[in-house]
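First chain A sits with chain B, and in the next complex the same chain sits with chain C.
Now for the complex of A and B:
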């Protein structure tokens, strides 16, 4: 048995024990109130789930018994059988045996069918009666007198959230202490701090892992989603999933579940061509959708790739000009990637046809804003005729993030690593002033620069005129809306894990920052929001154009 | 929510047992004048910690400070009320020691900078004038003044409804 199977067993056991306890409580209630349909439904549901789960775990004795019991309760529900007399005893006995099987899950030699019991249960359903004789003995030999309590507990996500917040506070205190210890001459102090910091690290690690689930819990639903949409659209689609065992924070997974369904719908409805068209284009009749998840350095990348028609950037430009989002002169200068980024502009939808699944205005802008809200990023790559790929980069956890710290105007700032494309040190000569815009030439690419010192601290007029006294500058290149921006900082500090606290009134109107954090030195550090910053920058640019 | 509920029930009992009801306030000076807020909102008074300026916030928000591990916004009420030109302020503040009143406003915490150490003040209802013409006029414009307190020495103290001073609407208006 590999680790995954072991893990599933633990989960099954916990659930089964819970269900068993619930069923036991319910049948006692039912004995007093035999006609209660709510209780009957509940028992039926629990047995049904247990049957299905046990079958997938290859626990046949449990599955078979649950199945027979389910039939019995089905008859009771249908009114063919009344829950009274010696039938009650038989059912109690059967449920006791179910409990015995569940509690001995780890012992294969005890996972045996109780033929007598199963026959009686089947008789009960078919004949409506039990032979009275064999039910006289009160105590069943297989019931352990010891009450069994489950080895695992289920915890509300809320509590894990609280715990994670506390861990964040702990980390801040730890950093504080480390700073303090470094200044101190006392060796013992240093040793204690070191061991404390090790413990804090492993607490953090443990809490973070406790919140992680595999993406398979979401991905497993996709085959059916794909099948349904494809058959409605009369298209043939083959879905392949890789990396389903990648783990991610449960809350992040929950947030992206609707987004993923939306992107899959888009891929099938707008991406994949119908079979005739595909054959004409020399593609296989069956379209392909690939969903893949990988994790790297605290980030999870999920991509959705189709081999459909791709997105025509010219059509995007035309539509953007028609909708007044873009001036035609500006459209000409727009690169392929940046044009695809227009799909994220609110209200922009390329769907020409309204179907049940897409094209109702719930466009990519919403997908993008949800991903922005958790500090992730979404990128599109597309080739006309070849297909489209959406790549989400997501934080493994929502509250604690790896970030790069830097200084601007003597103030501390942080930028989540997730948003950072690359960090460059550039000399003055590589920066050009094109009109009002500062541009960095890097590897045949022109990257617009935002001089943070002016951008952040010159409230009224922040036209970027870089302080030319500086020969060399550090530039953090970030991605937003398929476009790269270079943030010029005063001084790079270090990389560190930070616990982000959300802004509260009266600061929460400020969209430039996603939160604040406290550094170990006790100093305040603002967490720059890439989405907010680039939006504010673009707004400023538009204003300039108006003049 | 809870606070405002408490308040209205207080007002009800005020009418029944007039003059007997004692109100506790914390008083502080702003640009020479006396102001007071209900003591129940004041969490603590501390020497103003290092305030880190937050870019692109309204001018009267000085930034964010770390008060016992809590990160709170620091507001300059003198600038908030337009009691003196804001440009002079920054230098003075860093040179002389000021105090920060930490206010607990239900869902968030905020700090107010004051120059002198705040004091406590007890007023009974007869010492509070809630109906003066001046206040009525002021109320029309500034919803956050709840009354005028008369001190023993004949001086007046302006009573502020601190939650209203901080309301979103107010802040957005002043920021413009």
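Now for the complex of A and C:
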């Protein structure tokens, strides 16, 4: 049985058990109120579904019995038959047998028709009466004495969303209380707060886990996607998938499904060479696409790797210069990784030809903006001739995130940990002015610095010629568009789970912040948006260059 | 662009199968609805993108045919394929009279579902 059949079986069983329980409840009600149309309609509908679903699962005994029962209830609904007398007993028996079949779907030897029962039910419909036969037996071997309850319930995702939002509110209240308890002298109050805090943590954890699904529900679709595109492109592609049992928030998975298909299409169409070319290059005739998922510290990493032609960074630079995105002087100083990041700039597409699947204007910039919208990150690594790798880092949950809190100009800010590469404490001497740009030298790398104090609070006249008053500074290094930026903050506070609330009018068109959160002290804390901040910084940089 | 389909069925199992079959074939399942009321809400919400509805006729609020009427009165250009179990010829006849574009009987072959939907979409002139 493949994964999908297993999934269908689990869903069928859960739904069938639920329907059976409902039918059992309904017929008891119906016995007291035989003409109740609402109940009759419901029983009829549930049997109708059971029949169709069981037939799809090739469970013929269930399908046949449901079909006969459906006919009986159809006659009752139509007024041709009254639900009373020994008919009631027969119908109860039939429904018991239905329950027995449902609870034994794993045992094919028990999936047998009960001919006598089926004949009696048919007689009921055609003759309006039952012959005595079956009804005289007092006990039936097929009625299970044990009550079976379904082990799963189905919940609309919306309800889980509501629950998660409430958990967010709970966390804010918990933080208030912790703050209050810290100031208090009362030891009992401190203890209660601690215990409440632990419970709140467990609730949050449990709710988040309830929303998780395995990525396999999406990854299972890829073999067919790859086969179809490869055959259209007349290429040979081997797909390997690892980590399909990695779990992720259902809403995050839904958001990335189109993105993944897009990246896979790109890999096959623009990455992997045709078989002739590959042989000429000394590569195996069959190209390879690897999809892998792993999780670590509340983050999920999904990578798509191909062994195709790779991306030519020189071509990207040329095109960027031609399109006016980059000056040629700036292009010279740009490293490989940063150059690849230009692919994420809106409107920049390297596709040279239009095929059915790609090159229709949906470029990497769109992919990137979807990932930005959930606070994730996308990176590219590529070697000419060797292949390309896309790595997505995604939050495991969308509403509650682990974040680093810091102060700038006496205001509180937060940055989701997902966006943070590393936090450094640097001395004044490690920072240089290179041209118009302030740069930190770190491990043979030059990281451009954004001095948040001036950047956020002296918006009109920000320039890199800032006055670095302090000897030692804290710098949060973040990734955006394959480029590292160092955010200089005034003071690091602590790491904490935060619930992000959207900005309200008139701030809602502000792109520097993705939202606000309330701290335990009741203070407002702005959540810095890495995408918005680095874009705004780049624009200012460009302005500086124009002068 | 792939065609947008709304799947209406009160059985989660049946919705899951239909969603998988349709998505594998490259259609976009824009929403699912489990009752007549939800179905109408969903049609209204997605009226600009929606191309086709697969509609189960036996729904909890007993409203399969009402849903069909409501769609056909207000959005005659939307294609509706009714899905119903065998032995329901009367209700299927009624549905076709109201204006359903085609019908599928459960249990169905996946290929049959796709064949019917493809034909309806090509006839109904929902163009790319």
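Keep this in mind: the second predicted complex is superposed on the first by the 396 of 547 C-alpha atoms of A that agree within 3 Å, B and C clash if a C-alpha of one lies under 4 Å from a C-alpha of the other, contacts with A are read in each partner's own complex, and residues count from 1 in each chain.
By our rule, a residue touches a chain if its C-beta (ideal position, glycine included) is under 8 Å from a C-beta of that chain, and two chains touch if they have at least 3 such contacts.
Remember, it's a predicted structure, so these values are computed and weren't measured experimentally.
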item	value
Contacts of A:330 with chain B and chain C, given as first, second, both or neither	neither
First (chain B), second (chain C), both or neither touched by A:421	neither
Which superposed partner A:77 touches (first chain B, second chain C, both, neither)	neither
Chain B versus chain C as contact partner of A:522, first or second or both or neither	first
First, second, both or neither for A:457, with chain B first and chain C second	first
Chain B/chain C common contact set on chain A	none
Of chain A, residues touching chain C in the complex	4, 7-8, 11-12, 15, 41-42, 44-45, 48-49, 51-53, 55-56, 67, 70-71, 154, 221, 224
Of chain B, residues touching chain A in the complex	50, 52-58, 61, 63-66, 69, 71, 73, 75, 105, 107-110, 166, 168, 171-172
Contacting residues of chain C [partner chain A, same complex]	10-14, 16-17, 20, 23-24, 58-60, 62, 85, 87-88, 106-108
Residues of chain A that touch chain B when the two form their complex	169, 172-173, 411-412, 456-457, 459, 501, 504-507, 509-510, 512-513, 516-518, 522-524, 526, 536
